[in-house]
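You will see chain A twice below: alongside chain B first, and alongside chain C after that.
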Partner chain A sequence: MSKHSTTHGVEDTATASSETVRVEHAAAESGGTSRAAGLMSGPFGRNLGLVVALLVICLVGVFTAGDRFASVNTAMTILRLAAVVGVVSIGMTFVIIGGGIDLSVGAILALSSVWATTFATQAMAADTHWLVMVFVALAVGGACGLVNGVLIAYGNIVPFIMTLAMLASARGLAEIISERRTQIVTVDGFKDFWSADVLGVPLLVIIFALVSVGGWVLLNRTTFGRRTLAVGGNPEAARLAGINVKRHTALLYVLVGLCCGLAALMLIGRTSTGSSTHGTLLELDAIAAVVIGGTLLTGGRGTIVGTVIGVLIFSTLSIVFVLNNQDSSTQAVAKGLIIVVAVLLQQRLARRSIST
Partner chain B sequence: MSTTEPLLRMSGVVKRFPGVLALGGVELEVRAGEVHCLLGQNGAGKSTLIKVLSASYQPDEGEIHWDGKQVALSSPQVAMRLGISTIYQELDLVPDLSVAENIFLGHELSTAGFSQRGETIRRTRELLERLGHGEIQATRSVGRLSPAAQQIVSMARALSQNTRLLVLDEPSAVLDQGEVDNLFRVIRDLTAEGVAIVYISHRLDEIRQIGDRITVLKDGSTVASGLAVEDTPTSELIELMTGRSIEYVFPPRGETAPTDGEPVLEVIDLELPGVFSGVDLSVHAGEIVGLAGLVGAGRSEILETLYGARRPSAGTVRVLGRELRRGSVPDAVKAGVGLAPEERKSQGLLLDQAIYRNVTVSSLGRFARLGFLDSREERRRAREVTESLDTRPAGVDRLVRLLSGGNQQKVVLSRWLLRECKVLLLDEPTRGVDVGARAEIYAVVRSLADSGVAVVVVSSEVEEVLGLADRVLVVREGRVVHEGPASEIDESRVLDLVMEGSAA
Partner chain C sequence: MRLPTTTPRQQSRRFPGLVVGAVAVLALSACTGSAEDAADDEEGGSAPAAAAQGSNDEEGDTVTIGFSAPAADHGWMAAITNNVRDLAEQYPDLDLQIAEGTNDVNLQISQVETFINDGVDAIVLLPFDGAAMTPIALEAMEAGIPVINVDREFDDPNAARVTVLGDNYGMGVSAGSYICEQAAGDEDVVVAEIAGIDALPLTQDRSQGFEDALSECGLDVDARQAAEFTVESGEEVASQLLQSESQIDYLWNHDDDQGIGVLAAIENAGRDEFVMIGGAGSANAMRDIQGDNGVLKATVIYPSTQGADGVKLARLLVQQKGVADLVEVEVPRMVQLYAPVVTADNVADYLGSAFES
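Up next is the complex of A and B:
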């Protein structure tokens, strides 16, 4: 900033009066405060707001439910609840930053869970290793994502429509395969592994943490993440800069598909079942978490940390409501309010950062 | 209204943004019935001043007098009611609504909530005829009109609300010569009716044609106001705008244009159906080739096609002997081709991302190991390259949106400089770039060529093509109609070649 003002000062030759120089200095000084303001409206400040919101919800929990809320058990329950939707939300964050949307995550999760458990319930259960289930779930999720991605990127179908179609057909296919029955997992190794605790922390929570860290690294430290930001920020400029925008877009949907497959395994681990009703309305929870986490629905900007806190806000809210014996309807109303307030705040911050 | 009292008088207008003094005491006086030109480099504060005038921004200090009375332009509605209308560079029309609907958008003619279709269309025709464009259909959707016609619609909209002061922000940027002449005719008609015009343009020759008086801004302050156009030489205007005088804008060419040896870029019989066909082009290392022609002659499309951004139906493109895959930008970039596109903001830049990210976006692989980026190294290299082009303000973490047009172009050039491209394609390299920064960009392009890059330049300004290029190709209706050294052809000959077909 100071360098800026000096070069300008030198440039002002004939017309430079002492007054303009003084004005330049004033501008340089106010630049210092704007940097602080920039920090507040940047990812740091935005996440700070979210952390405060999360703390407020926790305080409400402590005041209304006391020790029942403030316990390690409750904390683990919240995290376990957050884990499945969290993993999907990380994938969703990438798709939305890349300028797309995926409405089919819940349906893909259901299809993955059904297809994977089919191997563990029918005649082949006895001679199926549980790793086969893992492979099947990830393959189904990835394949659905690939179909989404290819048709969106190369078939030029609007993401909203394409994933809406996938939402309908993937859940339909899940119903056909499962004959609308809940499939109970009988393979022992699977349950043992997925419902295990490591040092008192459920494996689901550890997976969520690993996926979050992995997502953060992928977004902030790799060429893939940088290209995602470029493709979502200005697809035409990204294309003319030499980025293969179509291939990258397709990969984003494969990524979220794989996340759905992983989430399906986590949900099977938690419930011991695969069902075509798993993950109903999951897409709304995931999109809501991403959006209140500060990711722009128009693409080009967003953070993994924001998404993680967004997921935690919703799961903590659920537990607070449950502990206070409030039904899920009241909870839904509160959720809606939070989304609106978060987006309003986000717009104000965005406006401030543009005017600087 | 007395003739001594100006219609608009702004004095001591100050507008601060966090960290930036956008306007530091601006004076502007506009009389009814005059064309008042507002001059200044990018970043001089013109856009901010217009936004204060249209009340999009509130000034922090200063007084505004309208018709002799002090007013506060507190909201766009107030400005509109006073009779101030602004036509921005990016036209703000709704493409899917009709001409008539666009003109009366926001102040629809209606009875009890039902729109008066007939009356709306009748009034629309009146307005369009007043502007000399009765041929524009009132019921046509705006998106299907040419840019020139869209601009007329914008002006009709301004006139539909009793405008007394009309601000035109670079209205000629999207127009060809005939359309500009037409625009000037409309402007003269309006001033004859007593409407005041504030005219913003980078083209000094236009200001000479249409302007009455000039106000010059520099670094957010008025450095000269109310200069009479006919008494002010261009050199003085340039000096006022830049703070220095420029005599030779174009850098000197090399002794002889190097045309021996294998060409770096070779285009053979390239065709894009309905746009151009049979285009042959070869460019040697160190050579600058210019494409001249009217808007729509196929110049930009030729560049975009050989870059792979459009898929040709026939023809080959070779870079250093290697044939490029048709319609693949990544392949062209890999072979060492770079493009600085025509629409810099929408096609060239990630406006809301840091400068260094815009610079390294085409060379990410070089900064990555197993996909992981070394962003410290990225910043270091980006800083080196942008500083070598004297991009201001310095600092690679700034958002590109906050830079002036000339500096944004330097960011695009830095991208290809970093990539060490062999072929550089420049589409309107100085559009929206002020006079001072233009000379810098010309110098950068020439020094790139001197370092062995093959350069192709497309420009609407014949002068620019002739001044910058070693060899010139004239394009008319999708065909190359002339090819030869730039030193052997002059502006009027190029214009003859360009117009030949349409004159017949």
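Up next is the complex of A and C:
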């Protein structure tokens, strides 16, 4: 670990020259460094730009909407909006750090939501327990992820292509099962549980928080997390280090699939429906959040905290726009600008914090 | 629960045949009214949404209304929000908050939550998916904020104070009755239909109304194809239909946006032996009808002013006014708009309120 700390500063100014260095870099970050400079260039330093961006958006909200923005209710609205995308983005962070990408998250979410709310599933849930629906959604999500993962890892299909195929077929299957109709949830136990508040905090927000903390622990405090960074940084080196790269890659897609199943349940709870149109373009929101969160699209580096802030930036922005009565075209332009500005700001701050 | 309100106004005079079988009707704006009606207005109402409602138009307490609709990804939906904006400019006492148009139910729910947090006086909601927006609409109603549901219905009648709907079944009836009128008792004519997305309840309603109206005069649909509301699908499906049917007398196409593709296919095939009827009522379809420069002779309106009507009713509701021309004190529970047939004879009355696709 001490070797990593000493090579750290040099390596960043010289801009990572080889893949091996990048793996070490990633390992150093996940292990945490003791020196102040190391700290700044670690997750904290890189997330500073994001925090600034989020604060700026909040300030804009306060200046333009005043008390209407700065209220507990608005905060809860932002968090509820962030929750569904957030859970999927956490899963997406793992896949992207592991050197892959998953374009099928929205489609998997739609399929899970439809399958968990079919007449047959609901009848079974009514006879037994609403947990049947939870099981179905998670099983469908996990199974789709497994198909993605196995075909990518063992079938050697490029992740982009494989998940593109899954995007088309999962949503198609969702349309076939639901006959393109919205399926309404009639199981009261399910509706009551998923739309509940715990001590004034919506359950959806609590789930998002738990998944975030769980994701952080998994990435930073377990062998699974370190393997993910190693596999994404340099698969060959990871293989030589004795990691079963194929199995690990497959597991990452199962993980994001399970996140989609969970997000489907959250959306079913929020809308009391399952539909083949749920989660349309969710993959873009999730990837955007992960990328502005500082995760490298090429893999090997990324943080959960960054992703969470990334998700919050977009949901806060949406609400600020609603409060300010802005039309959709202006909002689309502003979103694009903010992605670019956030990433630029984040690069600059990260570089400066390293040089000091 | 649902109390459709009817009005014995001018439609029956103008299109006697069309009203047969039509469901509840309330001509609230000049969009669904006729020329005589507009001329009767004290203000002469140039913009359709501005149709005068007597003293109801006088400035009252300021009303804050939250409006949310799906993404404007086709002409009709874009017109919905534009009509709402135009209306808001005409009333100084209207403070309208328009949320970004979105097809993401998760975001649309958050928009409504924001309106509730804001404590708006009323929410006008054209849901992307009626069923999915029901829980949040119920929440708004429970918070004491009346919700006006436009076009796509909630699955719980308690989720809205007022529901403004178009008449999909009535569109089919209007189109079918027009063909019956034109065919004038000839039962050998060939009738074709190009529907929209078949899985949607609205398409099924339109086709059912069409079939029912045709059967009144002994006709039936001889050929039917379903497109997907897009120009490309309209072109594709229409060329197949024209290929398989060598002789057609009447063709009803459900939607004028996809109708651009249908007309292109007809032109490519060099066919002109039949009369085509459109649907929804886009401005370019109406210009074609007006110019009489093709097979398109009529279209059936699905008003793109229903969002504006929703906002207008919300304003009345909050200001505790009734609908001026009704005896009833309160704003009705449900308003269903009429689906009139536009032909060269009356196209001038409707062109002003038509949407650009």
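What we mean here is this: the second predicted complex is superposed on the first by the 292 of 356 C-alpha atoms of A that agree within 3 Å, B and C clash if a C-alpha of one lies under 4 Å from a C-alpha of the other, contacts with A are read in each partner's own complex, and residues count from 1 in each chain.
The working rule: a contact is a pair of C-beta atoms (placed from the backbone, for glycine too) under 8 Å apart; a residue touches a chain by one contact, two chains touch by 3 or more.
Everything quoted here is computed from the prediction, not taken from an experiment.
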{"item": "Touching partner for A:Ser169 - first (chain B), second (chain C), both, neither", "value": "neither"}
{"item": "First (chain B), second (chain C), both or neither touched by A:Thr271", "value": "second"}
{"item": "First, second, both or neither for A:Thr182, with chain B first and chain C second", "value": "second"}
{"item": "Partner chain in contact with A:Gly242 - chain B first, chain C second, else both or neither", "value": "first"}
{"item": "First, second, both or neither for A:Thr64, with chain B first and chain C second", "value": "neither"}
{"item": "Partner chain(s) touched by A:Leu281 [first = chain B, second = chain C, both, neither]", "value": "second"}
{"item": "Chain B versus chain C as contact partner of A:Arg227, first or second or both or neither", "value": "first"}
{"item": "Chain A - residues contacting chain B, complex", "value": "1, 3-4, 7-8, 11-15, 20, 23-24, 26-27, 30-31, 33-35, 37, 217, 221-224, 226-227, 229-230, 233-234, 236-244, 300-301, 354-356"}
{"item": "Complex contact set, residues of chain B against chain A", "value": "16-21, 24, 218-219, 221, 223, 243-244, 307, 309, 329-330, 332-334, 339, 341, 346-353, 357, 361-362, 364-365, 368, 371-373, 375, 392-395, 401, 415"}
{"item": "Chain A residues within the chain C interface of the complex", "value": "68, 71, 73-74, 77-78, 80-81, 84-85, 175, 179-182, 184, 191, 195, 267, 270-273, 275, 277-278, 280-282, 315, 318-319, 321-323, 325-328, 331"}
{"item": "Residues of chain C touching chain A in the complex", "value": "71-72, 96-107, 109-111, 113-114, 116-118, 128-135, 155, 197, 199-201"}
